[in-house]
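You will see two complexes here that share chain A, one where it goes with chain B and one where it goes with chain C.
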Partner chain A sequence: MTNLEKYNQAFIECFEIGEDQLEGLEYQAIPTWDSVGHMGLIAALEDAFDIMMDTDDIIDLSSYEKGKEILAKYNVEF
Partner chain B sequence: MQSTMWSFKGLGNAVAAIADNGEQITYAQLAEFEEQLRASVGRALVFNLCTNSIGSLAGYAAMINTHIVPVMIAAELDKSLLAELIEEYLPQYLWVPAESKPSYVNSKEVFSSYGYSLLSTGYKACELYDELALLLTTSGSTGSFKLVRQSYQNIKANTESIVEYLHLDATERPITTLPMNYTYGLSIINTHLYVGATILLTDKTLAQREFWNFFKEQKATSFGGVPYTYEILKKLRFFRMDLPSLRYMTQAGGKLMPELHKEFAEDSISKGRDFIIMYGQTEATARMAYLPAEKSLEKYGSMGIAIPGGRFELIDVNGELITEPDVVGELVYYGANVTLGYSECIEDLKKGDERDGKLVTGDMAKMDADGFFYIVGRKKRFLKMFGKRVNLDEIDRLMKAQYDNIDCASDGVDDSLYLFLTDKNLLEEARKYISDKININISAVHSVFVAAIPKNDSGKTLYSELKKLF
Partner chain C sequence: MLNYTDILSREPYSLEKEEKHAFLTGILAELTRYHYANCELYKRICDAKGFNVDMINSYYDIPFLPVRLFKEYDLRSIPAEDVKKTMTSSGTTGQQVSKIYLDRETSAIQTKTLTKIVSSFIGKKRLPMLIIDTSAIIKNRAMFSARGAGILGFSMFARDKCYALDENMELDVEGMKAFLEKHEGEDIFLFGFTFMIWQHFVKELKKTKYHPDLSRGVMIHGGGWKKLLSESVLSEQFKQELNRVCGITRVHDYYGMVEQTGTIYMECECGHLHTPIFSDVIIRRSSDFSVAGIGEEGLIEVVSVLPKSYPGHVLLTEDSGVILGEDNCPCGRLGKYFKINGRIKNAEIRGCSDTYAAKF
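Right, the complex of A and B next:
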């Protein structure tokens, strides 16, 4: 799997949505992306890329696109 | 009927609340708003569609002070459930966020203030028991009409008790982490208005940057949290955060895992903060017990002792009082904060006090030799899902009504609900349906296929068998 596929997979599985919903997706825009879903997403991303995210990054990850920027800091390239 | 709950006038230009959008309201403005409401509305039933905002707060506070009875409802409650509640209780007024006004086509605006609108529904006044102050939902999510009836005396007694044991004063600045339609969130508001403190209002969650910016800019001194709040905080590496303004934290809404309790107790001690575990129910207005901060580590895992003015008893299966330590029994609470009773329909609003200061909690507990209580289980079938009470019998009913050709049942542990169905093809749909209905994240709702729901000879579901499947 490519990094993008892994990244997408984390969103799709955590929020139980389709790939077509990913673009532009933001925190609280769908019922499954609430604080419970958010912590699930963080755990899934940390697992998929074998990283430990900082507090600032966890609370800044407010959209699908923003998450890619943040993961770049952990040397995850898309 | 008693005099007013809070005296805002005397507090003058002290700031009562600050919202995350920068809006503020002073105690003098609260007093003015109270007069405006008093001039337009007599004793009546009003649905307050709650958000953590100035308008919602001012509306609530003024209603209590002017003896208008608010029914506190989450603003995001499913529209069809809200319509059903309105149809049952026929409130004369609605207090709603101004932007949602157009969705109430049959109502007329009386006035609008602080971003909220008072709408008149045209329903006739119903009979309300003289001492009835407030109505709160118990689960608030499964479309149940069951409300808890709280009196002025209930709110006053619980407020004074909490102010005493938390040593609150006007310098406090609590930040909201819970909705005000939830009894725990509301008790934070009640107590801080009582001491003339400044409440920091936000609907942002701990998982958002905006929450922490607001926290730091406004120098929050305290917050409350349900068990899940503390799990998030740990994940956010809260122990490493620099929050010099924070004085104390409280926890209620379900039992915190003892290990987590211990970690937060240790961290709080090292930082010179208080960590206070509490226990309560909507049926007791809000709080019944607290674990004093100085005992938080020594007695971790305990829910503490009765609040000032209250007391507990443990009762065994034969109805006898337990006097020995470490014997499990049902927890019974006595105090002036024990609410009047429930209401399931509009006629119930004229009912008086049905409990007479005694609440059988439905929680199983034991007491140690020093008199500290520990919750060990529940008598009734419900779960706490992220602090919200979810009644499992109601889940069963919801599923049975939706899927009439199959058999189904539910069970689970706190923060994890399990649905059991006899049709493989409905597993995914049922999860979505229930998670939607009760407004709980779908990742916490699991479904399991069973060939048949296990039952005993008299046809009662054997939940103990289902428990083996998760």
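Right, the complex of A and C next:
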């Protein structure tokens, strides 16, 4: 799997959504991406890329696009 | 306009009295005008008091709303469709609960602030977290209790989580053993509500004879002492007993409420609750609501820069307390430090720990 596929899959599985919903997706824009869902997403991303994110980054990860920027800090390239 | 990125970029205990006064007055005056313009009920309260929102020289002068008001009225400064989350206070059965309406912005700055304050105590590194509660508490996602929100908010500091109690509030010894084995030699973050820790952790560990080694642990707990005080358990004894059952030495209480989520008051190494620069505590005499001096007991008013989606930035609580000093705590943190003496007579039982404890 490419990094993008892994990244997408984390969102799709955590939030029970389709791939077509990913672009432009923001925190709290859908019921499943609430604060509980958010921690689930973080856990999924950390597992998928074997990283540990800082608390500041967890808070800043507020959209599908923003997440890619943040993961770049952890040397995950898309 | 209010710039929270700028406000929250500051260190939580970094301002001396005069600087903090100017900093808070600027922000809280702007917030007052914002709520005045956006919440009809708030406007009516200010008008009724003859308060001029364009002439605010000190945040001490801004009218305080009693916390009770959030039970009786729907107070918000945003349109209904912008409400993303409704937080409720923990009330025992039969009590009315407060409803706090949050939009995306307010919810986000609450989390950021909590992170800033707590990480100044436990560090920025995320730790394995032992939650002294049951996972059942966060199962209902739609309506959040203060207890669930507290656990979730503090989960931000966790890397791997373990709930110490099962769904029947029984100690999950096997689960804990496995978790602590996995993280042997690491610092562990423990979080829970005061009464739950006492009732289901300390007392149970004594019974089971299981003595986990949590000497590298740091515990944060909050939610009320009422029930423990009625069992004559004081802060010192709580810490001693905890130390006896699991070897933990770093234990921090905190004071906070759902009406001002985010700006919590953490207990330092010297046992004092501290005000960060994002909020403050003013003690008022119950006779005439004038400002009490250092060392003088009175009602606790709390102010916070965070409440933007609802007019909860200046509130009078039903707790009584006393300011112990300002800018001179031996721990080195600036700002006022204080202690809580209890709840005023006839006040409702509230607090995450206390409402749960009312069942015992």
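FYI, the second predicted complex is superposed on the first by the 78 of 78 C-alpha atoms of A that agree within 3 Å, B and C clash if a C-alpha of one lies under 4 Å from a C-alpha of the other, contacts with A are read in each partner's own complex, and residues count from 1 in each chain.
By definition in this document, contacts are C-beta pairs under 8 Å (C-beta built on N, C-alpha and C of every residue); 3 or more make two chains touch, one makes a residue touch a chain.
Owing to the predicted nature of the structure, the values given are computational and were not obtained by experimental measurement.
Q: Using the overlay on chain A, decide if chain B and chain C clash or can fit next to each other.
A: On the superposed model, which is not a single observed complex, chain B and chain C clash.
Q: Looking at A:Tyr27, would you say it contacts chain B, chain C, both, or neither? Reply first, second, both or neither.
A: After superposing on A, A:Tyr27 lies in contact with both chain B and chain C.
Q: A:Ile59 in the overlay: touching chain B, chain C, both, or neither? Say first, second, both or neither.
A: both
Q: See if chain A has more residues touched by chain B or by chain C, and give me that chain.
A: The partner with more contacted residues on chain A is B.
Q: Could you tell me if A:Met39 is touching chain B, chain C, both of them or neither one (first, second, both, neither)?
A: A:Met39 contacts both chain B and chain C.
Q: What part of chain A is shared between its chain B contacts and its chain C contacts?
A: 27, 34-37, 39, 54-56, 58-59, 62
Q: Given the complex with chain A, which residues does chain B contribute to the contact?
A: Residues in contact with chain A: 205-209, 211-212, 228, 231-232, 235-237, 240-241, 386, 432, 435-436, 439, 441-444.
Q: Show me the residue ranges of chain A that touch chain B in the complex, using the header's touch definition.
A: Contacts found on chain A: 14, 16, 27, 31-32, 34-40, 42, 54-56, 58-60, 62.
Q: Touching chain C in the complex: which residues of chain A?
A: 27-28, 34-37, 39, 52-56, 58-59, 62
Q: Provide the residue numbers of chain C that touch chain A in the complex, in ascending order.
A: That would be residues 84-85, 104, 107-108, 111-112, 115, 119, 124, 126, 138, 141, 152, 155-157, 159 of chain C.
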